[in-house]
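Next, two complexes with subunit A in common: one pairs it with subunit B, the other with subunit C.
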Partner chain A sequence: MAALALAACGGGATSTTGAAGPTGGSTGGSTGATGGNAVANAGVTGIANPSDHKGGTLTFASSSTPDSLDGGNEYYAWTLNFNRLYQTPLLTYKSSPGGAGTTMVPGIATALGQVSPDGLTWTYHIKKGLKYEDGSAVTAGDVKYAVERTYDRGVLANGPSYFPQLLADPTYKGPYKDPNGDLTSIVVPDPYTIQFHLLAPFPDFDYVVGAFGQTAPVPKAKDTGAKYELHPMSTGPYMFQSYQVNKQAVLVKNPNWTQNEDTEARQNVDKVILTLNVNADDIDNRLISGDLDVDSAGSGVQAAARAKVLGNPSLLKNSDNGFGNREWFIYLDSKVAPLTNVACRQAIEYAANKTDLQTAYGGPVAGGDIASTLLLPGMGGYSAFDLYNAKSQPGGDVANAKKALTTCGKANGFTTGLAYRSDRPKEVAGAQALQQALKAVGINVQLHGYPAGNYYGNFAGAPTFMHKNNIGIAFGGWAPDWPDGYGMLWALTSGNSIVPTGNANIGELNDPAVNKLFKDVASPKLTLDQRSAMYGQVDKLSMQQAVILPEVYAKVLIYRPPTVTNAYIDNAWGMYNYAVLGKSS
Partner chain B sequence: MITFIIRRLITAIFLLLVVSVITFAIFFLIPRLAGQNANELAAQYVGRNPTPAAIQQMVERLGLDQPLPVQYWHFLKGLVAGENYSAGPSVTYCPPPCFGYSFRSQLAVWPQMVSALPVTVSLALGAAILWLLGGVSIGVLSALRRGSIFDRFSMGVALAGVSLPIFFTGLISLELFSYKWPLFPNVEYVNIAVNPLLWARNLVLPWVTLAFLYAALYARLTRAGMLETMNEDYIRTARAKGLRERSVVVKHGLRAALTPILTIFGMDLGLLLGGAILTESTFSLPGLGQFTVLAIQNQDFPEIMGVVMLAAFFIVIANMLVDILYAAIDPRVRIS
Partner chain C sequence: MAGGTFIAFLVVVSIIGPYFVQDPTVYHSSLIDPTFSRPIGPWGGISLAHPFGVEPITGRDMLARIVDGAPYSLLIGFLSTVLAVVIGVFFGIIAGYFGGWTDSVIARAMDVFLAFPLLVFAIALVGVIPNSAFGMSGNQLRVALLVFVIGFFAWPYMGRIIRGQVLSLREREFVDAARSIGARGPYILFRELLPNLVGPILVYATLFIPTNILFEAALDYLGVGLIPPTPSWGQMLSSAVSNGFYYIDPMFMIIPGLAIFITVMAFNLFGDGLRDAFDPRTR
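And then the complex of A and B:
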């Protein structure tokens, strides 16, 4: 048992949930490159090693296990990205560098959704002639079944919950518990048409069907529930040859896939191998030695390899330092005294040393750019406001912090708890940095470390736990489910998103103005620009309420061997687009 | 002998039961005592931003709404009699020993452990052969050449082996022999049935790393034992009777010095078969050790119960075998 306990220390698996990233292209600028005549970021500014070469084996490795390889049961960004190799949803992200890569385009559907004037019905048409790996035909009924099976959260627990929340029969139990039941809010009038009937207008519904794998068709006769991930029926360029859980998945070409039907994926290599649970440092060393092609997590090299890459021009030229599709930040719980007073929260915003926090996360290269907003740069509605001088005084604005403390009646400071994930070294360092910075203005912070695995379930994400233990500050982060204001902001700032466990609105913001904006933005009469402007308002209002202290717009330093082709950091995933990679030899 | 074995097996079963109760209490009871309710326990298995309805489905799925004794009863019943389980369109039967289904993946735990076991067995047995041969040989030679340069050097190396943590020696060996001078590139487990040569080649570094630590211990133990034994009167008698030195050392000296080594070997091998956690993590070997780490990281209680029970089983069996071998090696010991 001691060995078990010892082994449980460290590791710090980083979960990369969420799907989308900044809409803007992460161009040039922040290479962070050092040394010589290195040319880094070829995969940030464009496509690195473009090639039509066919053949070879593409090898992936992951330092952990995937949440699932079943498209209907995934939420990690890398597994959703990898899923495109063998499953194709109704819609998918356009395979393109830059901002275009965050737009939805047809997958197995012929076009984006046709929405009724009242915004309640979304219709998609399936391409005719599509086949699974075994040659059987893909129909709209398979798409309906794929969505139905995700309703049984006891079996398929990991994916998002948008369909039960948006569709008109949320009490449907799924085909496993209710084999004779029917999800009546999805109608299949003919084998190639599918209609979704919503409870209320939801303009982002195209993202719901395309950003995840839940609409990748599943033939009912082949569904094996939890075991389906061992061999999902392929509609993508590759299909499963084998999958040993916790060990390795091997994919080979799908003979019944054609390029004409799927413009966003490629069949460049003969075989794809994904090896699981490989030591993270070993992954980096194998990438550098050329024995491995891709670190599937896409979260960048570890500290040891980072030093090697940054210090070696020949390695640096094969690296990319792009935005990682997420923001790291610190929650300030508005329901834990004295943070119930907005001025006390603002004092923390001012006092925090943003440079030290950035350093804790790996500095400007591996950590990211100092952040001052919730929306990510490039997202619709983003504007570079900076209410608390995070960029003009990154070392902390002590004067304004003290003024804010006086305003909230705590001129001599106060004491509160701080929660962080103890098995994440960056958060450990960040917590210590914040503790020091706040001490300078009289705010005493008691550190509470919790395991990452149930941090949101049992600790920071459980409001009663936070209240009971007087924890007013909690570390966190967010990768948006899709690249717009809703995907980034709703879960963090909407009053309707607060839940007793698994809560992401840890600041417990329940602001009427913010809530009204979220309600109004759903109107089908609004244009994209109008909606973006409203999300911009949500961002500003939330920051004025100071429920979140932004730390960094995360960046990743990814190394790719020179034999990997068509590599670019996809803004949808914040990592390479796995659907188009190839090998030069 | 038969009576002895039967008695030990009954004791083993009782011991495993106690282990199961303690492990269950640690991972199922203590969180409740700490104030966690079923919803909070279930929420960690439901993915990001779960709805209350999704959490409730998971509570029912995992049986977390049932009283703890009932949950424990289901676990025991599965071990002994198997259990029906539904993780999709059909109900499947999980034959005994059924350790239940992963809270994370809903896949059966026992097949995953069975799949991981050959990796751990390969690692443990290969390293065991190396450390036994190496450690005992060096210990014997050091004892016979007490005070010599060889003795001092080998005990110095043994001290290093005992002091250096496995993850350190493992990472150094990878850095040197896998990346810098790629004599053993891509250390990945290959099934022996698929390619025996690659299986062996890819295990050389893990074997040597693991064996280095244990060989050091065994060398020191053997040396100490031999030094004590070689001073016994019967050794002098054996030499006086004209027996060859080799026979004196091996048949008389080493044999007597082996009994404590055998005891420790049984414990060590039993522990390793339950999962060489650090070595498997360092070399990314998908054995029981890595399975254990993942189970703990994921708070996957059925998997944790499974590996603990399996590790306990190996330790109990290994100790029983050691006791039997004891009598075979040392005639002074009788099984009674």
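And then the complex of A and C:
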């Protein structure tokens, strides 16, 4: 019965977690709604086992390998999160539960960026007296070098490309190919000041600087390019002792680190061990037996462990079922007939059985709550509108679907293709669920499974492939690059984000009103609330155009051994904040 | 003959069974506990309406999925065996009878095929072939591909056996007798030797079919099998193991596993029986 109560309060907890906007405020803290067990979800409504206890070894395990351990070459949420243990960018997320955890605060910088009145120049000052692990001084030139090296995609292939997009001289080739060149759009007037010159105003530039590891300083003399990840020079509480690729990384305390270097991280344990390529079910078993502290992927336990944890009250109290910082959804490609007609797309929105889709992704506990918007609850501009009755008729609204089909001239239905990732069981299940639901209104869907590795590169993310093969529907999902409307919506709905490969605007939305909103929101004269309202409008317009069928606001069910301290699900990452964890013994 | 009876039963079920069971694609979400994604009730949700229970997540009727999956397993197992037998017998006879240079070339070819990384090739082939080719599409194309991959690479097993049989047969008196009345190669091969090989061919073919059924199940496991929502025994088994359902709903693994096991066992028994029937010593 605890399981059913948890399922019921899983919905309740969501409305309090992250319900505050990015401007701060804490969660409602409704610890009472945990089915009679006051300690379960302790890391959702607050901090679980808060403690300053020092000492011990913190163990992480991953079922695969990281994209990189070099801050300048990372894009996965878990590696960026883990990176905070040994590298500190100019700015960083505030370490706090609730909405406050999505704001930027100073890292090695003294304050947030100072922006010029025309919005084109951003200035940061570096704290004085900061050192690397070997005692050498951190200077602004190292930050400039760190950004410069990310320009060479041949050496550092991962990571976002906001800097080449936003700064002047996008043709700079990076220090490896152009050792005598210089990224002129970054100026270092003195060793403790750095200035970025933008091509156009970009109000979210603090996030570009702080949400990733690209501005964590790198001393040029110690840079070994692609090999730098074997031992990055630490500016965080821990430093590398060893790293055997594909096997294990061991970190120990950095003696030259001071709390001032990064107010948001902690040096609570003596040693951190990250073991790679461990079987996922094995990871869950070790967590439950207490032999492992954290599953580094942060996406929650597998199905077998989920049953164990939810069915056993003594395990349940060590689990957290909270915000996953991601939405799973289905794209509807507006350039593939007959989905070129918005009413045909709306028919699909109405007809889908949202409950079956939710069950395919793991149900309300392990999957998430049924979604009806593109913005995640808690983001600025979010409002809980529901254009297609996803919440009022979660089994599907067949009547309205049929009406929409008549409007688009296909009263007897039509046929189209559906793309999904065949090695993702949730999408395999979801594809069949959608196929079944659409059959009821006469829409015949032919399933095409593709491997996840090439899905965005060659298949769903290649518009010509979708057109040629008559595939109008594609499964996908999105975790925002940073937790606001831009980070969530731009790549999905802006006409300027459509690219021939690696496309995330698979709905191919190119709506003049939406494009204008994205252009206007960059004005330096707007306040945060005004920008949030504009993102809210983008959300509504995109949903009216029905280019995306939302499925669930992802939730994660994470289990932690009781010896882990300071654990809370961080709204910036959708998993525990790794920079503050400790051990009680 | 228990094996033979069961095989006949299986064939009958494959042909007419799908008309008697429910629609295997219909979801019964009300029978699924959404928190755990598993069927409500013990034994995988067995009830009068669903004698084999229901599938996790979807609530689809298991009896219907097993019955609908049977023709695919049998068809692919049978056709791939036919392909392997035809190619294997042809090359086996030629290699065994002519010997010398011909034999060496064919034997080396067999070695190459046996050493080929078949699973990797199957995955690659399925990924490369487009959705419609050779005038077929969808599941039809997929079945053809599976039959080709499994059968085309299994011929050396039959080839070696036949080659060995022919090596011993060609020294027999009836071959000399045929040669002495002026018969040449092709006549001897196909009118004298082949009839004497029917026994071993039949026996080994019936032993091949279960191996190929298992192989198709393995390919389903790797995701290169039939296209969902087509039910397939191997795909159900793989889903049960890789998604952890074996822990929360063991029946979902036991039922397709039993189906595969009983089918394979039946073919094995049938093949053993055939071999006993053809063995001159027990006649």
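The rule is short, and it goes like this: the second predicted complex is superposed on the first by the 546 of 585 C-alpha atoms of A that agree within 3 Å, B and C clash if a C-alpha of one lies under 4 Å from a C-alpha of the other, contacts with A are read in each partner's own complex, and residues count from 1 in each chain.
In this text, a contact is a pair of C-beta atoms (placed from the backbone, for glycine too) under 8 Å apart; a residue touches a chain by one contact, two chains touch by 3 or more.
These numbers come from a predicted model, not from an experiment.
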Room on subunit A for both subunit B and subunit C (clash or fit): fit
First, second, both or neither for A:225, with subunit B first and subunit C second: first
Which partner reaches more residues of subunit A (counting touched residues only), subunit B or subunit C: B
Subunit B versus subunit C as contact partner of A:175, first or second or both or neither: first
Touched partner set for A:435, first subunit B, second subunit C, both or neither: second
First, second, both or neither for A:418, with subunit B first and subunit C second: neither
Which superposed partner A:281 touches (first subunit B, second subunit C, both, neither): both
Partner chain in contact with A:448 - subunit B first, subunit C second, else both or neither: second
Which of subunit B and subunit C A:303 touches, first, second, both or neither: second
Touched partner set for A:364, first subunit B, second subunit C, both or neither: second
Least Cα gap, in Å, left between subunit B and subunit C after the two complexes are fitted on chain A: 6
Residues on subunit A lying within both footprints (that of subunit B and that of subunit C): 3-4, 6-7, 281, 451
Sites on subunit B touched by subunit A in the complex: 36, 39-41, 43-55, 57-58, 60-62, 86-90, 101, 105-107, 112, 115-116, 171, 174-175, 178-179, 182, 185-189, 271, 275, 277-278, 281-284, 286, 289-294, 296-299, 304, 308
Contact set on subunit A toward subunit C in their complex: 3-4, 6-7, 281, 302-308, 310, 353, 355-356, 358-360, 362-366, 422-423, 425, 428-429, 431-433, 435-436, 439, 446-449, 451, 469
Touch list for subunit C against partner subunit A, complex: 25-27, 29, 32, 34-38, 57-58, 127, 131, 138, 223, 227-229, 239, 242-248
Parts of subunit A lying in touch with subunit B, wherever the complex brings them together: 1, 3-4, 6-8, 11, 13, 17-18, 64-65, 67-68, 75, 152-155, 157-161, 164-165, 170, 175-176, 179, 220, 223-229, 244-247, 275-279, 281-282, 285-286, 288-289, 291, 451, 453-454, 456-458, 461-462, 491, 497, 499-502, 504
